[in-house]
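A, B, C and D label the chains in the order they appear, each numbered from 1.
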Amino acid sequence: MDKDNIKSYIIARAAKEMRDGDIVNLGIGMPTMVPNFLPKDVKVIIQAENGLMRVIPCTEETCEPIYKVDAGATPVSVAPGGSYFDSCTSFGMIRGGHIDVTVLGALEVDEKGNLSNWIIPGKKLPGMGGAMDLVVGAKKVIVTMEHTQKGEPKILKNCRLPLTAVNCVDLIITEMGVMEVTPKGLVLTEINPEYSVEEVQAATEAVLIVSPGLKPMS
Amino acid sequence: MDKDNIKSYIIARAAKEMRDGDIVNLGIGMPTMVPNFLPKDVKVIIQAENGLMRVIPCTEETCEPIYKVDAGATPVSVAPGGSYFDSCTSFGMIRGGHIDVTVLGALEVDEKGNLSNWIIPGKKLPGMGGAMDLVVGAKKVIVTMEHTQKGEPKILKNCRLPLTAVNCVDLIITEMGVMEVTPKGLVLTEINPEYSVEEVQAATEAVLIVSPGLKPMS
Amino acid sequence: MPKFITLAEAVEMIPDGASIMVSGFMGCGNPHKIIDALSKSGKGNFKLICNDGAQPGGPMGEDYYGVAKLIHNRQVKHMVATHVGLNPEVGKQMNEGAMRVDLIPQGSFAEMIRAGGAGLGGVLTPTGVGTIVEDYKDYVHSVQEIDGRKYLLMKPIRADFALISGHIVDTAGNIWYKGATRNFALPMATAADIVIVEADRVVEAGEIEPENVVTSGIFVDYIVDGGKVSG
Amino acid sequence: MPKFITLAEAVEMIPDGASIMVSGFMGCGNPHKIIDALSKSGKGNFKLICNDGAQPGGPMGEDYYGVAKLIHNRQVKHMVATHVGLNPEVGKQMNEGAMRVDLIPQGSFAEMIRAGGAGLGGVLTPTGVGTIVEDYKDYVHSVQEIDGRKYLLMKPIRADFALISGHIVDTAGNIWYKGATRNFALPMATAADIVIVEADRVVEAGEIEPENVVTSGIFVDYIVDGGKVSG
């Protein structure tokens, strides 16, 4: 699969985790594609942490980038029933457990569900933005990312980069498979049929527990 | 003076403490009369802690007691430029020092500026409502009350009733005089010409420091 | 999306002994129809979390206004409030030992509910320092000195139910409040397991301008259409 | 009542070295005219408290959008933000040692400013627990365990100035925000010694429905009428 196909494959699988009516916050980049892959009978409500509810793409008529952007600075609008609110209210929603699912990328994630996705010391300083609050507050935290970075594992025994939060990730979805974070460790529940379990393990530093019900990823 | 005249006398004096543009919260009862005694060139903005700014009396047309009451449950309205807000915002204003003056009654006040005005154990349990926040948060706290209760002093060396807050009162206005709370104690700055200093002191448990510039109360 | 329910369904949902937050200030902003129905339900032993006990008489001549109905019918065994002076029945039932009453400073009360809904560990307020509020072990975690000033660390408050009143509610649950009725509804809508709003009027999603939505519909579980309530 | 001032008067008011809160998110909600004037003033050494460094290019093709102008002109010696990834100049100036950058989680950042304006002693949040945020001594008072869960006690944030943007502002200073521009303006308007709002449009007091006022005019000290700005 090429880069674009990998992203679509990962996000299509992530979209299947959404339940009808879920209130969802989507991280910058790949996760914003989730709505494009939702089943017809599943509608989610998208929150943007800069203060929008029921975010939808804007049209030529509704785009007003001076007044309405999402957390990735993309011009957007809100659907009927949407609303705008301030940042304290927004993070009250997030920290208070009112967001059902957040989907976001990772630099590293480990078998305890620790996550690193906001800084590479000395190299990259984007800042944590709302990520630390989101992964602490959202009811379900889904990490979507490529399984490796230039061939090096990103799913580790212990994160080495500064953490975004401890023990916060529920589910990891990559182009190789789907892994649940459990008290016993990472359980591989689905696998991309293009790979063998051995190949997935070889690309993963953490030890994967293969689910007895391992299914093909779809 | 009869009861009503005493009240008017006290509140007329309290009204003179207001500066044009002050944001003011007025306690239930006597303090609500302050606006009636303001000089013509002084306009204050009245906040009600249940979430109204620029409170004004309502008219037959604007009274809607189902929707608009002040903190004493009196039907009111708001002037042009007024607004409604929730209780967290309201007490953010109050606690955060955005209210210039609060005027309220007292059961007891003492020479350290301690205040008791919310409970008489075993007898009366109205509750503190917003009073504890108001006297801690407002920039200036003015107590208006009759000097004694059935002949007994209400201005004490130490409050005996449960406190509303410690060291919070700035100014005490009674029908006998005006007393400033200072680090040295209560300074009598103005006196009702009907009384002698000795009479005021006799009605006061706390020791009054007579200001060298003692003036007639007016 | 919130579900539309009848008054009867709302009442049925609330079990004996439930903890219930009710919006309003001296009755202004109480969800009157839900409270009225609940007061006739025979249910009780409630923990009522409400700023006050409202008033024995309402502004339109009502007997027992708002939550005063629940108190008069002795359905409340425990009240958490800030001021109960305008409803003498509260003090009376307390003195009889029939009702526990906990009084909390109003600003702390509002903020503790907000903390309960916003995932905060508590509220650090200077209000109550040096008073008997310091001894309220159920509500005060500790007294802390920060940068030379004393604060009470007040605990978050949550409830099983929040019953609130909205003037205009859209089908997505968004609420617009009229006048001073919003008071405690904002934090309460965030801090209960189940939130029921009584709507004076229901409109289609989108009819409230998105900028003028005060409580986001995502906080609302059920809507009772007060304009066309059925038993 | 707030005073109406010109852009020049607004800029004149702000001294070198001032701490300045600026509303907005990636430029959306920045008070663009005030920032533009300030960026041309030659003043500097500012402590900028703003969610982000905005963006080098604006959505309408602007060179240096919003606060990015201040950064590009090297007027900021210390930045307190949550995310600076979209403006590479921030990281560059930091690596050169020309700018100090402190990064705080966004929810904590908003709430710390709110606490600064609401007289609260701090914010108890689970966000940042177990991360390097715990070591930010300037912002974290302590790590506390409450009822078995760990929280960071984050300190309140205040500033000398808050520069915010409002779409409709009435002569009493009440603000109505359009779209998503309100973001940090609400807490910032409460947490600075001097609050200056740039109005897209000014209306008479009373023209904003009292229920739809978002920021009360009592928080506002000065209004720059952006619709008829003069130098």
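In this section, a residue touches a chain if its C-beta (ideal position, glycine included) is under 8 Å from a C-beta of that chain, and two chains touch if they have at least 3 such contacts.
All values derive from a computational prediction rather than experimental measurement.
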| item | value |
| --- | --- |
| Labels of chains that are neighbours to chain B and to chain D | C |
| Comparison of A-C and B-C by number of C-beta pairs in contact, larger one | B-C |
| CA centroid of chain A to CA centroid of chain C, Å | 36 |
| Inter-centroid spacing, chain B versus chain A (mean Cα positions, whole Å) | 55 |
| Distance from the mean Cα position of chain D to that of chain C, given in whole angstrom | 33 |
| Distance from the mean Cα position of chain C to that of chain B, given in whole angstrom | 29 |
| Residue list for chain D, restricted to those that touch at least two other chains | 111, 114, 119-120, 125-126, 177-179, 211, 214 |
| For chain B, residues that touch 2 or more chains besides their own | 84-85, 91, 94-95, 136-137 |
| Arrangement of touching chains [line / ring / star / complete / other] | other |
| Full enumeration of touching chain pairs | A-C, A-D, B-C, B-D, C-D |
| Contact footprint of chain D on chain B as seen in their complex | 21, 23, 45, 47, 53-54, 78-85, 89, 91-98, 136-137 |
| Touching residues on chain C, where the partner in the complex is chain B | 25-28, 51-52, 55, 59-60, 81-86, 90-91, 94, 101, 103, 105-111, 114, 125-133, 167, 177-187, 214 |
| For the chain D and chain B complex, residues of the former touching the latter | 1, 114, 117-120, 170-174, 190-191, 204-206, 208, 210-211, 213, 216-219 |
| Chain C contact footprint on chain D (complex, rising order) | 111, 115, 119-126, 141, 144, 146, 149, 151, 153, 176-179, 211-212, 214 |
| Residues of chain B that touch chain C when the two form their complex | 48-52, 64-69, 71, 73, 75, 84-88, 90-91, 94-95, 124-133, 136-137, 162-166 |
